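The block underneath contains the structure these notes are about, expressed in structure tokens.
All chains are identified by letter, namely A, B, C and D, in their written order; residue positions are counted from 1 within each chain.
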Amino acid sequence: MIDKVVPDIATALSGIGDGSCIMIGGFGRAGQPVDLIDALIDSGVGDLTIVNNNAGNGDVGLARLIGLGRVRKIICSFPRQSDSWHFDEKYRAGQIELEIVPQGNLAERIRAAGAGIGAFFTPTGVGTEIAAGKEQRTIDGKEYILEYPIHADFALIQAFRGDQLGNLVYRRTARNFGPIMATAAKVTIAQVDEVVEVGALDPEAIVTPGLFVDRVVPVGYRPWLDETGAFIGGVDVNGEPLTTEGEDA
Amino acid sequence: MATKISRVALAKRLAADIPEGAYVNLGIGAPTLVADHIPEGRQIILHTENGMLGMGEAPEADQVDPDLINAGKQAVTAQPGAAFFHHADSFGMMRGGHLDVCVLGAFEVSQAGDLANWSTGAPGAIPAIGGAMDLAIGAKDVYVMTDLLTKDGQPKLVAECSYPLTGVRCVSRVYTDHAIFQVTPEGFAVTERFGDTTHAELESLTGLTLIDATGAAA
Amino acid sequence: MIDKVVPDIATALSGIGDGSCIMIGGFGRAGQPVDLIDALIDSGVGDLTIVNNNAGNGDVGLARLIGLGRVRKIICSFPRQSDSWHFDEKYRAGQIELEIVPQGNLAERIRAAGAGIGAFFTPTGVGTEIAAGKEQRTIDGKEYILEYPIHADFALIQAFRGDQLGNLVYRRTARNFGPIMATAAKVTIAQVDEVVEVGALDPEAIVTPGLFVDRVVPVGYRPWLDETGAFIGGVDVNGEPLTTEGEDA
Amino acid sequence: MATKISRVALAKRLAADIPEGAYVNLGIGAPTLVADHIPEGRQIILHTENGMLGMGEAPEADQVDPDLINAGKQAVTAQPGAAFFHHADSFGMMRGGHLDVCVLGAFEVSQAGDLANWSTGAPGAIPAIGGAMDLAIGAKDVYVMTDLLTKDGQPKLVAECSYPLTGVRCVSRVYTDHAIFQVTPEGFAVTERFGDTTHAELESLTGLTLIDATGAAA
């Protein structure tokens, strides 16, 4: 029987070595595979190429991976943020390579990799700095630049529920990069809140068919959900528990 | 009488131009104010490029859902009839011309409708584009909402942008605190002046030859 | 209030004139907007360009439209079938123009139109007759041909349920071309079995967001479903009632 | 002893080579037989390019659902864990190399692995491609399942295809009623002969120089 569920995070990450190209899902806290990223840090691998929308925030997760000097190159749309100091420092020191890509082109390049498209003409970025050195063409009176797919060795994504076949559903805007990154990597690893029985996910509503997923690891429901997966709230937008006014005082 | 209107008044004025049933993306910052000033009874549908149509207002603090955020990574809600989708589908909607209006901020807008709003090009600055370039070409109409002048008194409407471009010939209209400017093949046309601002003052402030279209039929 | 529901099929088709380019969804009986096609025939419009996977079967629907001489050109992947005699006759008589496109390229070209892609490199068709005259390029050691988007004036599609905002869900493999055609036409017209309340469709499972849909017309549940939309069967694969052995005898 | 095996025996032989957990697309016609001969206890997942993973067998007559069909437009069922998707996503799966095996019929396969299976190129014939060209490049391994000879006794394994091509250098293996042929840079390698077929007979029937790889480790 096909069973893509692995018992623990360490097993889920097996095979990731120095020099790997890794896509990491998420936009803000939404869709971030936080447990997988933490384990990636613990694994000690380095010389990585990371594909993510951003370049880390604060001192945790991707920011920490960068701070520890494990990232050789990052492909992202928006590295500079108020709390991207680890990236900023490495970048200014010339210790990390940056490929900056407009967010929609980033998404489409990832999608192209998954769909076997060799390259595509996009209007985004025409006439801007990012068009420099790129092939440009006028098609039907409109200008486009040529962009190429982004493939990865591994994709680390977060989904809401999954099954043994690797079928995945997401939760609200946490869907973001997960479904396309799952298609673009040689090995896709999904952390899910819960593994459900095969057949429990509605075939009309499965967002990522299991074909795209290699390993599924359950990590328990995120802190703003109860043990059935229902929303209970009580956190801030980063998922941190709300401090009561009493505690602040 | 004042020569300019407040940010809120400007949001209200811009909101009045968004038609019933429009699909709209409001960029990060001032443009988000527009959502609060849609005329009573008019239904518009908000798109957020991280993956939702039917975005609603901010939730109560204890109802914040980290999985339900906008492109500015702020907590939002979902209205009845909302739909979620992934990033490739979401940016495909914009690139494919399915949105009616994007409202964006700007550092500069040129007479040709070029937009600069992602980088001041300062030496050593770390670049960050995000969805800016996608938004700039992401709707049938791209409206810029901005003060006419920078804090240093420099006009944001210019003959040619000096900052790195976000998109070329992409802006259709500029809503400023002094006036509304339509981008035309002949340059900026002033369609509405606020307060007692005069045409001559606008030309003086911008250093541009402007078309007076305030008498034209709406 | 936004309300894309129109009262009848004739209203749904308003604006379709001679010379229009029309995408028609469906693969086999699944997803065919049969009521919209019949009304299109009744409307008398001609000189049409049709985009569909096939070129009609038997004497009804698209086959009839072709037989009546209303179709100037068809863009499809598989025109020749055992019962495509109307197309065959027109084609042999030089009375219909055919653009034949491999099915996956057809789907991707429709998707490209909806997603604002100017053109894309696809490996499908390399080295075959359909590559003739097309730009060819080797990318990363693999050969591709360049294909362009297919736009339409109208898309006629069938969905399962829809709401006043135009949100749509499909049913099983009847999804096929509907979601992508909805994105590629200036005006998308969906026949649905039932219109449901706004908010009744699961936001995680909406396949076509209302943004892509201009008109929704309810036509009642398909014959193999009961009045709640539940499957009851009793038809053949073309949706025709099963004849009992008694009747055959 | 016979020099060839039956269609059913061939389907069974091919099925034995499809590994546990494989994602497989079975082309219209003879290849669909393979589904009925997957070894007991081995789970494979069938893709049908009209938009489903997890395709099951044909339903009872009164349970036929016109909305649940395969690429041959025959009624099928959905297995637990099945998923539905639209045509662009479905063909993206194939083009992107996510399927493990496609099994196709053929008019001709060349030594280089070129496939001809969509048109005999007869003058005046109406063309029809469907998914043939997508399937030809639609999996990590493309297996052809066919009789070695046409009804007229012509070999389907050829030096170069004479019929219009479906795909170039796309076939990895050919399962025929006489033998199994692996496509290699040096030409066809016979990996298994059926019945009392000899290597010399295969070379005689095809007119090709064939590599004898029947002694090689599996």
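Side notes on the structure shown:
We take it that a residue touches a chain if its C-beta (ideal position, glycine included) is under 8 Å from a C-beta of that chain, and two chains touch if they have at least 3 such contacts.
Worth saying up front: this structure is predicted, and the values here are computed from it rather than measured.
Chains making contact with chain A as well as with chain C: B, D.
The geometric centre of chain B is 36 Å away from that of chain C, both derived from CA atoms.
Rounded to whole angstrom, the centroid-to-centroid distance between chain A and chain B, based on C-alpha atoms, equals 29 Å.
Mean C-alpha position of chain B lies 55 Å from that of chain D.
Taken residue by residue, chain B touches two or more other chains at 78, 84-85, 88, 92, 94-95, whereas all remaining positions touch fewer.
Residue positions of chain A with contacts to 2 or more other chains are 108, 115-117, 122-123, 170-172, 203-204, 207.
Chain pairs that touch one another: A-B, A-C, A-D, B-C, C-D. Against chain D, the residues of chain C that register as touching in their complex are 27-31, 53, 77-81, 84, 87-88, 91-92, 98, 100-108, 110-111, 122-130, 170-180, 207, 222, 224, 231, 233-239, 242.
Those residues of chain C that touch chain A in the shared complex are 108, 112, 115-123, 137, 139-140, 142, 144, 148, 169-172, 202-205, 207.
Contact residues of chain D toward chain C in the complex are 48-52, 61-69, 73-75, 78, 84-88, 90-92, 94-95, 114, 124-134, 137-138, 164-168.
Looking at the complex, you find that chain C touches chain B at residues 1-2, 113-117, 163-165, 167, 183, 198-199, 201, 203-204, 206, 209-212.
By the touch criterion given at the top, residues 20-21, 23, 43, 45, 47, 53-54, 78, 80-85, 88, 91-99 of chain D touch chain A in their complex.
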